[in-house]
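Across the two complexes that follow, chain A remains constant while its partner is chain B and subsequently chain C.
Let's turn to the complex of A and B:
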């Protein structure tokens, strides 16, 4: 399955739910597939995508979707154990797994040599973990995750088909737009 | 264990007064009472980390959803968090309230703490992070209130260095 089509499907199923996108092509494609205020595009902080989503899930009752990547999640595997310990019912982690560090020239990642992120997640206590290999399976797994208590982890084996242009996002503005869907920016300042 | 429970309580109460409701931490001797208080407090979500840099993500996510958070860590945890601080908190302008136990300073007996102690303030300076050394319990509540005010107004990380004088009784 192509990641861009998988991203389009995810956006369609996500409705108004906040999505935290991993750095690089994942966030670029998220922007091209459907830019919206509730997309948080992370750039620069490799590994922290699902940690941000975990923090969000613990801070709100809304369902939060993390679009992570195999290389990035491998950099911060401990956060799967943190998710397993916290058991946030409202967190869905989707891992785009191309078994490679794609952006730097498709060097094989550890998921390409045997590491199963699904099994790691199950071992960490994320019982609802699965691996999907086509759009139909992804639609089934993600629909089910949205309809049930989590935490959920879906490893989606994907292919890349060239890169879209880097999304024209700006970090501070990305944060401002996203956060203002959760807090009222018009709240009067407290006296000081 | 001669970690000051009285001063830990003062610090914890000040965090609560500042509206902090999510705290991330790893076990650390000087922070043992603080972490225990957060764990026992039904009004606070304690997130136990495996590496301190995760906590930058936790605090970022909390901020995105409009909640106030704090990070409890040792200064060596600050050192392991540097990319998250720079490439998430500073790049995206996220306030981080970091309470950092200041190991390896004057009076340190453990050789393994000394190199981290030597570089802590210089790393904070290099990162452009405002910080204050906390040593007087009578000023602790003010220090925490002011640090959070600055973090929220500057939209940047702010560090409070918890010194031996504040945390240790012997």
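Let's turn to the complex of A and C:
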């Protein structure tokens, strides 16, 4: 399954739900698949995509979707333990797993040498964890996750097929735009 | 007489921080436990106003706090200076470019009374690193007018839409005994 097609499918199923994009190509493809105010694009902070999504899930009752990556999640496996500890019902973590660090020369990542992020997640208390290998399975797993209480983790085995142009996004504006879908922009943060 | 042998400081500092967090409607607190600031995080843990979230690492705590803020809930992080060392890239590549008003409460090691050589380099480097990034920071050694400093730091944090660091020292809270 190509990651861009998987991203398009995710966006179609997500409706208005907030989505956090992992750094680089995942965020680029999220933008190309459908730019919207509720896309939180990242271009740094490798490893923190699902931590950011966890914070969102603890701040809103709405379902939050994280589009993480295998290399990034391996950098911050502790966040799976934190998700398992907090048990946010409204968090769905999707891991685009190409078993490689795609941006740095396609070196094999630890998921390519035996690490199962699904099993790590289960061990951390994320009971609803699964691995999918094609678009049909992804659609089934994501539809089921959206319809039920989480936390959910879906490892989606993907291939990259070249890179789309870097999305023209600006971190400060991403946050401003995203946050204003949750708060009234006429009411600035300081309460006094 | 060493610092550790002096009378234990009052807990006033902890209550001042809790009050400032409430005054600024900052209810999600992400942290990595630290004995020296356990007093304040335990008050937070017992107060239903707050949601205290344990992270496994300080950069994760920053990610959680940024996510909460992005979804409309003000958030703060608590860590010690060694953990600040663990989280510099989260500050540099997330908080600063996205302009996130997240207060960092940092237990600053390596000052008067420090007993652990391994805590000195990162503790001493914390404020210079904050300064390098242009992160406004205040170091507190006693609770005189501390309420005004912390409240003012929170106001500045939101006005500037950038993190501020409030560094808490052993002189303030009594520190870790050894």
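The working rule: the second predicted complex is superposed on the first by the 187 of 192 C-alpha atoms of A that agree within 3 Å, B and C clash if a C-alpha of one lies under 4 Å from a C-alpha of the other, contacts with A are read in each partner's own complex, and residues count from 1 in each chain.
By our rule, a contact is a pair of C-beta atoms (placed from the backbone, for glycine too) under 8 Å apart; a residue touches a chain by one contact, two chains touch by 3 or more.
Predicted model, so just to flag it, every value in this text is computed and none were measured.
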**Report entry** Overlay on chain A: chain C relative to chain B, clash or fit
**Finding:** clash
Report task. Name the contact category of A:45: first (chain B only), second (chain C only), both, or neither. Result -> both
Query raised in the report: Touching A:79, do we find chain B (first), chain C (second), both, or neither?
Result: both
Query raised in the report: Once the shared chain is lined up, is A:175 touching chain B (first), chain C (second), both, or neither of them?
Result: both
Report task. Mind working out whether A:121 is in touch with chain B, chain C, both or neither, as first, second, both or neither? Result -> neither
Requested in this report: Scan A:33 for contacts with chain B and chain C and give back first, second, both or neither.
Outcome: neither
Query raised in the report: Should A:58 be classified as contacting the first partner (chain B), the second (chain C), both, or neither?
Result: both
Query raised in the report: Residues on chain A in contact with chain B in one complex and with chain C in the other?
Result: 18, 20, 40, 42-48, 51-60, 64, 76, 78-79, 81-82, 85-86, 171-172, 174-175, 178-179, 182-183, 192
Requested in this report: Name, in rising order, each residue of chain A that touches chain B in their complex.
Outcome: 18, 20, 40, 42-60, 62, 64, 76, 78-79, 81-82, 85-86, 171-172, 174-175, 178-179, 182-183, 192
Query raised in the report: Which bits of chain C are touching chain A when the two form their complex?
Result: 23-25, 28, 30, 51, 53-57, 59-60, 62-75, 89-90, 92-94, 97-101, 155, 158-159
Query raised in the report: Mind pulling up the chain B residues that touch chain A in the complex?
Result: 22, 45, 47-51, 53-54, 56-67, 69, 83-84, 87-88, 91-94, 149
Query - chain A - residues contacting chain C, complex - result: 18, 20, 40, 42-48, 51-60, 64, 76, 78-79, 81-82, 85-86, 171-172, 174-175, 178-179, 182-183, 188-192
